[in-house]
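What follows is one structure encoded as structure tokens, with my remarks underneath.
The first chain written gets the first letter, and so on, giving A, B and C; residue counts start at 1 in each chain.
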Amino acid sequence: MTRTAKELAELIGARLEGDGAAEVQGVAAPERAGARDLIYVEAAKHSERAGASAAQVVVAQPGLSLSGKTVLRASNAKYAFAKAAAILRERVPIARGVHPTAIVAPLARVHASASIGPYAVIGEDSHLGEGTEIGAHTVIGAACWIGDHCRIHPRVTLYSGVRIGHRVEIHSGAVIGADGFGYAHGEGRYLKFPQAGIVEIADDVEIGANATIDRGSLDDTRIAEGVKLDNLVHIGHNVKIGVHTVIAAQTGVSGSSTIGDNVIVGGQVGIADHCTLESRSVAGAQAGIPTGKTIRSGQTVWGTPAREIGKFKEIYVWYARLPELAERIKELEARVGKG
Amino acid sequence: MTRTAKELAELIGARLEGDGAAEVQGVAAPERAGARDLIYVEAAKHSERAGASAAQVVVAQPGLSLSGKTVLRASNAKYAFAKAAAILRERVPIARGVHPTAIVAPLARVHASASIGPYAVIGEDSHLGEGTEIGAHTVIGAACWIGDHCRIHPRVTLYSGVRIGHRVEIHSGAVIGADGFGYAHGEGRYLKFPQAGIVEIADDVEIGANATIDRGSLDDTRIAEGVKLDNLVHIGHNVKIGVHTVIAAQTGVSGSSTIGDNVIVGGQVGIADHCTLESRSVAGAQAGIPTGKTIRSGQTVWGTPAREIGKFKEIYVWYARLPELAERIKELEARVGKG
Amino acid sequence: MTRTAKELAELIGARLEGDGAAEVQGVAAPERAGARDLIYVEAAKHSERAGASAAQVVVAQPGLSLSGKTVLRASNAKYAFAKAAAILRERVPIARGVHPTAIVAPLARVHASASIGPYAVIGEDSHLGEGTEIGAHTVIGAACWIGDHCRIHPRVTLYSGVRIGHRVEIHSGAVIGADGFGYAHGEGRYLKFPQAGIVEIADDVEIGANATIDRGSLDDTRIAEGVKLDNLVHIGHNVKIGVHTVIAAQTGVSGSSTIGDNVIVGGQVGIADHCTLESRSVAGAQAGIPTGKTIRSGQTVWGTPAREIGKFKEIYVWYARLPELAERIKELEARVGKG
């Protein structure tokens, strides 16, 4: 969608410097941009790339000089650029209308403006809100509730009873609401412990490709507003995740753990069962958090078993110097004698 | 399904204490239970939660006093509760009858009582046993054999020639029988090594969402009775897993490794190729077991590379004290002189 | 397909020793082989297995004596055997013809010899080359380009704009071209950073089951010729992978990292963002490579954070001896006194 620099500045809350009539209709990296692509610069070291770009309009942090360009000045240039991109870029529709091959159960309630792709299956008593798009081959179980303006890509599975808020995006291959991994052991075998809870996902959540979120056992699994889960993330039964928490790819959260608000979890982190990551804590990539452990609010942890990053580094620096320590012990022994 | 406390006690082998006529029709956590939900208590510290519950009937370990409740007394309360849940809870059907859009190959043999969901595809010469349910969009390749009362959820893939026992449950997104990761290197490239084996899965196995189990190369991949695999687990070609072994989420088992009976493998464990985990061994979460390593029967291992847990802890306690050890070396040097 | 030993020797470039008229029609392990199965032996220690096999024809390294067998002598026996297997084994077809239930968009260009399985969906303006097979339930987005003789198994998703070369094999459940995990943080929430790039996959690439490869953000994600990715591998946005690189199961590569040619990456490796693995480097299983790190050409790294294997082992050997070092410090203190 084409916008003038002036229009865009207003829409994203930036200060216009230069030609307000300059038109933009897409976003790009500086090297790939055409005259009508919007680019952005965050750091002085990238000013040259921006200056050399064919782009006419640049979102830039205060203090960066960009002669010859129309500048949309914003203190958080990356965020302003993302806002602009959301305006300029048309999203590829996931479905258009309800495809004749879609199977919608008689008692499903589908908003007139919702779209359903080829071969999608919508279960009995499920609800699809206004403007929500369901991709080809996606299977929505019975009694699911999906809010407005959701984007459920092709080949997603929702087991029965999953509840999804508004503006949620779920990528292909994700499986929401499968049974948790819970068994009772007896008579030499494992018997399934009831997985009778549901999954609740709040507004503005995004879930990556092939991620899995299990339903609760006797409780529910709950993902709060604004949470972003990357590809191949695993969320176990009864897990609670607070608002605006982000979890990078291939991380696993075991049953009944609680993650607070605005937590950042790196890739391939393992969080065992019954852990608590308090709000604003950070777990570095590949960290391992043992059963029942609490990570305090604001704390950053690394390693397996995870410990506070300052402590981790204090130990780690000596780990790296172990051969030297061993040599020094040997020298001391040579001087003192071994007895 | 409604049962009286007396009926249930008999069915699960518990001793009835209290009102045998009390009716139950579901299971719940103590805090969520209604009068007709069954709850369970394992430990004395949870007696209060149970006592405060609206539930009338409680499965409890011997020795826990629960005044005012009808008690189903069982030495393994969790297991007895799971048995009761299997009786009380109706499982959501995966499919009802054979949907008209299901594509069943002419020579497939489908038991009259089997169900196949919308758009599922059943390959030539495949066999579906009594009462087996196949979910929407599941693709069963040619020449697969699936036993009785299996539950194959929507969007599962079985490549050709996969053999599945009875009462097996496979969750959405799982892929069984894809080619193993085997190549021969020559002429500057990797050429696929033949992946000509099959996958055999025995009775009462459960396979998590988006898990992958590769077919054998010149051998077969075999999963024995009662094995439980969590979400996103990867099982490489030619792997053998013994009876009643459980493997938590995101663990990977590389080609030609052998895991014995009743083994417990935590989440995100990496088992390299040609390893042996003998029966009743345990691998802690995120452990890394190097190529060709054997973990002895009954042994518990931790860490990467994995070592026996006692040894792991003995080392680890000093790892955590490395800054102190370094300081002590420095002090010794100060006293002795460095020469 | 049946071949004589003589024909096969010529086709795979091996030297024939023995009965050139002996017929072979499959491949097997020595213990499972019938008279007409081809087997191979690489090492002297396996000569006995080969000798005892019912197979009549053996691919073997020079110097291995196998009396009574017809030998196809090749310096790289495993590779020669893989070449023979590619000739002898008929691949299970993924689809035959275009199934009437396949939905092919009006402007899609499908080569007359391409096959499309039941319920597959081919998006507008997409191209399928000669002999390419698309499995049941696979969803190809708009404007994808897929070359000749590709094998896309059932239940694969290609988002729009993905480009695939020739002879590429993609296993079930893989998701190519989903949005990368990129957000701009502002106003207390995460806003999607534009994921406007594409995915380009070159010739002879193989992608494992349930693997995910994200589209570029302002750049593209590119996988070069001959790359092999195992199951459940995650490739983030803007990642570049060079020719003939292999990556084992469950490894994750974060955004904007670059992996060179002929690199070997073990299973469950975590490669953070903006890393460089130069050509012919090796990352051992479960290694963790921190943000921005460069692994030099030819270097092998282990551990988290990853370091050169020689250095890793030098440190690790002392790690394992930490209790002994602590004891030696204690003894020194006893002798010297603590001051």
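Quick note on the criterion: a residue touches a chain if its C-beta (ideal position, glycine included) is under 8 Å from a C-beta of that chain, and two chains touch if they have at least 3 such contacts.
Note that this is a predicted model, so its numbers are computed, not measured.
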item: Set of chains whose contacts include both chain B and chain A; value: C
item: Same vs different contact residues, chain B with chain C, by half of numbers used; value: different
item: Geometric centre distance via CA averages, chain C-chain B, whole Å; value: 27
item: Overlap residues in chain C, where contacts from two or more other chains coincide; value: 119, 137, 155, 173, 210, 232, 250, 268, 319, 322, 325, 329, 332, 336
item: Contact set on chain C toward chain A in their complex; value: 103, 119, 121, 137, 139, 141-142, 155, 157, 159-160, 173, 175, 178-179, 181, 183-194, 196, 210, 212, 214, 218-219, 232, 234, 236, 250, 252, 254, 268, 270, 272, 288, 290, 304, 307, 314-315, 318-319, 321-322, 325, 328-329, 331-332, 335-336
item: Of chain C, residues touching chain B in the complex; value: 26-29, 32, 76, 78-83, 85-86, 89, 92, 101, 117-119, 135-137, 153-155, 169, 171-173, 204, 206, 208-210, 226, 228, 230-232, 244, 246, 248-250, 266-268, 285-286, 303, 319-320, 322-323, 325-326, 329, 332-333, 336-339
